[in-house]
Amino acid sequence: MCLAIPAQVREILPDGMARVGLDGVVKEISTALVGDLAVGDYVIVHVGFALSKIDAVEAERTLALLAEAAGAPAEAMA
Amino acid sequence: MKHVDEYRDGKLARAIAATIAAEADPTRDYAFMEFCGGHTHAISRYGLEDLLPANVRMIHGPGCPVCVLPIGRVDEAIELAKNPDVTLATYADLMRVPGSRGASLIKAKAAGADIRMVYSTLDAIRIAEERPDRQVVFFAIGFETTTPPSAMAVKLAEARGLTNFSIFCNHVLTPSAIRAILEAPKTGGLPPVRIQGFLGPSHVSAIIGTKPYDTFVAEFAQRIVVSGFEPLDVMQSILMLLRQVNEGRTAVENQYIRAVTPEGNRAAQALVDEVFELRDSFEWRGLGAIPHSALRLRERYATFDAERRFAMTPIVASDNPACECGTILIGAKQPADCRLFGTVCTPETPMGSCMVSSEGACAAHWTYGRFRDRARASAGRAAS
Amino acid sequence: MDVKSGRVDLSHGAGGRASAQLIDEIFRDAFSNAWLDQGNDQAAFDVPLVPGGRMVMATDAHVITPLFFPGGDIGSLAVHGTINDVAVGGAVPLHLAVSFIVEEGFPLADLKRIADSMGRASREAGVPIVTGDTKVVERGKADGVFITTTGIGVLAPGVELSGDRARPGDVVLLSGSIGDHGVAIMASRENLGFETAIVSDSAALHRLTAAMVAAGGTGLKLMRDPTRGGLAATLNEIATQSRVGIRIAEEALPIKAQVVAACELLGLDPLNVANEGKLVAVVEAGAAEAVLAAMRADPLGREAVAIGEVIEDDRSFVQMTTSFGGGRIVDWLTGEQLPRIC
Amino acid sequence: MDVKSGRVDLSHGAGGRASAQLIDEIFRDAFSNAWLDQGNDQAAFDVPLVPGGRMVMATDAHVITPLFFPGGDIGSLAVHGTINDVAVGGAVPLHLAVSFIVEEGFPLADLKRIADSMGRASREAGVPIVTGDTKVVERGKADGVFITTTGIGVLAPGVELSGDRARPGDVVLLSGSIGDHGVAIMASRENLGFETAIVSDSAALHRLTAAMVAAGGTGLKLMRDPTRGGLAATLNEIATQSRVGIRIAEEALPIKAQVVAACELLGLDPLNVANEGKLVAVVEAGAAEAVLAAMRADPLGREAVAIGEVIEDDRSFVQMTTSFGGGRIVDWLTGEQLPRIC
Amino acid sequence: MKHVDEYRDGKLARAIAATIAAEADPTRDYAFMEFCGGHTHAISRYGLEDLLPANVRMIHGPGCPVCVLPIGRVDEAIELAKNPDVTLATYADLMRVPGSRGASLIKAKAAGADIRMVYSTLDAIRIAEERPDRQVVFFAIGFETTTPPSAMAVKLAEARGLTNFSIFCNHVLTPSAIRAILEAPKTGGLPPVRIQGFLGPSHVSAIIGTKPYDTFVAEFAQRIVVSGFEPLDVMQSILMLLRQVNEGRTAVENQYIRAVTPEGNRAAQALVDEVFELRDSFEWRGLGAIPHSALRLRERYATFDAERRFAMTPIVASDNPACECGTILIGAKQPADCRLFGTVCTPETPMGSCMVSSEGACAAHWTYGRFRDRARASAGRAAS
Amino acid sequence: MCLAIPAQVREILPDGMARVGLDGVVKEISTALVGDLAVGDYVIVHVGFALSKIDAVEAERTLALLAEAAGAPAEAMA
């Protein structure tokens, strides 16, 4: 459920709206649920609303953990 | 797509799969439930089952709001749509959901009901503004993710003085459903739960945070890993659950740290709390009545509540008794075990909740996975 | 399907299983003849009185919204679509017939723009529109303009392509990226509220198919254009008609990033999204390289790739090896293709 | 016609001068080619790759209200109408293609009834429907069902009929009574509120035309079916295409009493009322008797008569000698055919 | 068709034509006006001109209600139809009548106006009953024949309590128009009337009787033969007029005795009188303003009067100045004498009133008679 | 103008309506403008209303006059 996808804020519009981009696809959404946003931020978009911001630092950390999860057995099996 | 493509890397996936395979204890059977249809979709879409060792099994949970919507509520929506004054606005997902006797919104539309598919609650508000001569009812479904946009629509309608907008509210709550699954064997006389851990929902958790899951550790000694929806998120979360099992831990962990915090989205929670209140009990298709598991509009917003505005009367309708969704949802059976699966019950003619949306356990298996059945059957035969 | 008291609904027109069922239960028996039973998007037949004459005929109604979209309009689409159905039958398209159903109130300037576009498309393709018909219906009884085009073409001796000729071991080729047309159309629909730079791939493929026929010889088993219902529908049609399975590789599929993004946003699978300038071919393994080379030599086949192979499977499953190495079924679309929230 | 800012209105679809103007100004230039310029209801052409092959192709959209009427339905009509356009080109009809545009909500039972009727009509005629297409549009964007049929046929060597071949001295033949179809349709429209026992004459004329081709040889100059716009439109088309005048005799025209009565009641001229199972032929005077005899030998031409002759007239007037011995012009219909009060 | 076929007998017609030819004085020119479009139609349709001797000429009068409707009134109807609340119901004859700048109801309909063609005023009433949400306006035109059904509709609407029905009244009076034609040379500086007699209208007279024509004998020493609409009626009536001329008589005679009495239909007259009253003056296309020549709703029925209900403002629009309708209608010129005839002015693009309906003088000549022009022209040339 | 046609009353209906016939064509019309009618009467029908009855005697007289008008010259020219 809850189909949602990360998109980048490209333009802040009046009335709590913003234009977000996803690989060249641009869409207007409501940002009323997430408060202050800046151009360049990534948000998770669901049924035309931003649900939450994506934390870039935590995203980096996740990627590191993924690499670790992938790398660990290589050593274990070596 | 940044924050997407990184989590769809096939090479990395196979490496993590190797880690899982290496760490899985061959003497054990692991059974994890992904609560959420989004996870079910990722698992099916990417064929993750083929990447997991045979003794790590995923059980598809009830976390698809379309699937768990009771037939009676669909019937009520269809009745409402037949009201000549009403324009029913709805997410497209609901169009084909069958009500009683083969009825559905798409058929009601074909028969003349004014039903509009919308992408967002804001579209429904726009229709109400453009057509003051129509009563526009938004047929609201969804878990905690989809509830804030509905609440926002009610607030907007009030602010703009719309007297022709209301909501037929079917929003349901994730923690209550998880609790029901965990309590099912006790209350329903069903076989004991074999689930050793849950993949916690991604975007529901972005709204409610991870804290609401703590009680499942305390009360049921369960494991929960809140997981992103991308396939690598899922693989990593499965690894995290497996490690909890191997290490004898039971904890709430958060794999989806880039979007989920312990507290969740406080603003969204406040908004929902302002507009909605708990129902005493609500029927879940496949699971039965679950106490405190759904929302309705508060008295203060009664005028936006379609159930009150149109004095809607509850319709009770029951599933095909041969349907095995109840046992499938708690992991006691699998789709192919149902004798209706793939014969009378298909996504075009679903007989039970798990066949309704492609994120339901049976539909996902039909749409993406059924090619495995014969192999399994013959493997079974060879083994016997 | 409840023929007695049921009604046509939108899913009957979506090119998925409900469409197939409608055709099966309403039309196939009613019209029953050997040519229709070929089950292809065109019928091939001998021409009596004309010794050695063998031709094909294909028809399509075009009801697209909006009428004008990036990369084309209903007029060019109606020309390309039917030329393609003739061409993927292996024939040289000869002539088109066109019928217009126009809604009262439709701007003459738009009608002229559409007619001019059809004329241009037909001249560029070298396939003249030789006869036509125009009807006007009252406001509210059509949607701007509907265009049905019918094409005929000539088969060279020995060319015999059909959807039932795929055999295990054959190779499945695809002429280029998928989903462009459908995404361009959806982006031009206001109610979906998104924008892309993607343009429709609408194009006439008969020069490409001629090159493929020449290069493939009898090794070319069949061609088909994956329009409504997308690549998924086309592969399932072939598998069902030929009683085989098909296995494709996700990693081989050319899909533009914007198409992927738009599909993510709308909850759609690019495999279900329509194309109007692409084709799928099934060729004997031995001929695959030659046909692929011929495709890549044509501007409309430059990105042609082998995407999979035909396998034995009496259940006629289309399977895909995902980018993760897992497997999944690629099914027909269930119901209408609609943006999903979950 | 104000192409810049004008709109299509109902008169553009009535088969009169406005229809002709629409086609001229919007389509003819846009599509421009020698086959379309033949200006007939079907195009005739050589078939390349097929030595000696010569064929015709015709298409018509059917948008009739009501869908079911005494003597037929939209399905049988769509089969007959296109077979006839092929047949009056002098060809042996070979195959039909059909496209359906169905409105969401249309009863499946009605669709089946229509499909069955088409199948029956096509079997009776021996002209199979070999390929087809079905589209579904949203409620309110069509009117039940629209059916476009396209037909192809084969011309025997030497048969060359065309609307531009009438010459002064030729005789004009009519295969039977006029106005039956149009009156039957109008009587089944509730808003006109009248009843008759008249049934549509809808029928496939290809056996009749074959007999005429055989009997007339090169003396048979052209045939045409006087459908939308009635006999008046057809005669005017011929006169204009051939740059001749035509003079017919009112007393020779077979018109049923009920058709006359219904036309009186509605203020219509039977000459403007549509037919679906009749044809007009122009023959050299020397061949007239033979062709007429052949027509009368066919069940669908039993009441065939000579109704007039081709005369010299650079104004291309169609004139009629009235039952009173006076003269009048028989003009195209102006605008839509509507019941008049005065 | 009893009472029809008897009057369409070609043999009889040729015999009467022989009588006319025999009785026509070769030293005289006879010019009769058929006032009525119905007669114009019969003459054209049966080619009666060819049956008359060259010195018996028929002048087509203004008796076609569609033709004499001023452009401004058409513009007003189109404006009314554009009102989004209004459904305009109208006889089909009016659909193509051009207003200013090429506008027409059929084009207004194409542009989105809600315009319905009806066969009877009862159909308009039915639409009003079925659509209480719409303001249904019946666009009423016609002479005394067509007025009683309009009056009946108003009475019915009142009886049924319809608050959404009204009439845009354009009903006009035959005797006033005949008077205007007879007075035209005096008032308009036109050449003297050459009309030696009128075919009086068939069905107008069925309603008003023959008495209203008596004054034309007394005041203008004119001849009137009220005539049926069938071609033999017309032939006989022409013979009757010719005999009056030959015998030096001026009288009102009644050929159409099977349907017309001196008094007419009293019930219909009373009904019309109850609902309608005379306008001081009304514009006739081709003839100009004619005093007391048209009707409007009485004050008592003001609520059913569209002009009052919608506060319609009169629109004044003028014909192409090159149009010769005015002189054609009084018999001073013929259609082919107009330099616009058949070039810019055709039934598809009428420039003047006489080209509007097939019963107008120019349109009838175009649609049925123009094949004679060249013969005439060359006859003229040969003679000159 | 005033397209109208004689038709025969076939059936008297309630509410001042009647069914009339014209050579096998049947139509429902209002008889409100003509008062009492009997089945078999001929009326002149215009825009769905009967405008007047046809007087059968006068119709016969007209036909006689027509015959006379047609016959006279035959004698005159004889």
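List of remarks:
So that you can tell them apart, the chains are marked A, B, C, D, E and F in the order they are listed, and the count of residues begins at 1 in each.
The rule we apply is simple: a residue touches a chain if its C-beta (ideal position, glycine included) is under 8 Å from a C-beta of that chain, and two chains touch if they have at least 3 such contacts.
What you see is a predicted model; the values in this text were computed from it and never measured.
Of all chain pairs in this entry, the one linked by the most C-beta contacts is C-D.
The centroid of the Cα atoms in subunit D and the matching centroid in subunit E are 35 Å apart. Centre to centre, using the average C-alpha position, subunit A and subunit E are separated by 76 Å. Our note on geometry: subunit B versus subunit E, Cα centroid distance of 73 Å, whole angstroms. In whole angstrom, the spacing between the mean C-alpha positions of subunit C and subunit F is 63. Residues of subunit B in contact with at least two other chains: 1, 4, 37-38, 64-66, 91, 109-111, 119, 123, 142, 146, 359. Counting partner chains per residue, subunit D shows two or more touched chains at residues 2, 6-10, 104-105, 193, 257, 260-261, 264, 340-342.
Touching of two or more other chains is recorded for residues 1-3, 5, 22-23, 46-48 of subunit A.
Taken pair by pair, the chains that touch are A-B, A-C, B-C, B-D, C-D, C-E, D-E, D-F, E-F. Against subunit A, in their complex, subunit B makes its touches with residues 1-4, 6-7, 12, 15-16, 18-19, 21-23, 36-38, 63-66, 91, 119-123, 142-143, 145-146, 148-149, 152, 201-204, 206-207, 228-229, 232-233, 235-236, 239, 255-260, 265, 267-268, 271, 359. By the touch criterion stated above, subunit C contacts subunit D in their complex at residues 1-10, 12-14, 19, 22-23, 25-27, 29-33, 35-36, 40-43, 45, 47-53, 55, 57-63, 92, 94-95, 97-109, 111-112, 115-116, 118-119, 122, 128-138, 140-143, 146, 148, 150, 152, 154, 156.
By the touch criterion given at the top, residues 1-6, 8, 22-23, 30, 32-35, 42, 44, 46-49, 51-56, 58-59, 61-63, 65-67, 69-74, 76-77 of subunit A touch subunit B in their complex.
Note for the complex: subunit D touches subunit F at residues 187, 193-197, 257-258, 260-262, 264-265, 267, 340-342.
Of all the residues in subunit C, the ones that touch subunit E in their complex are 104-105, 139.
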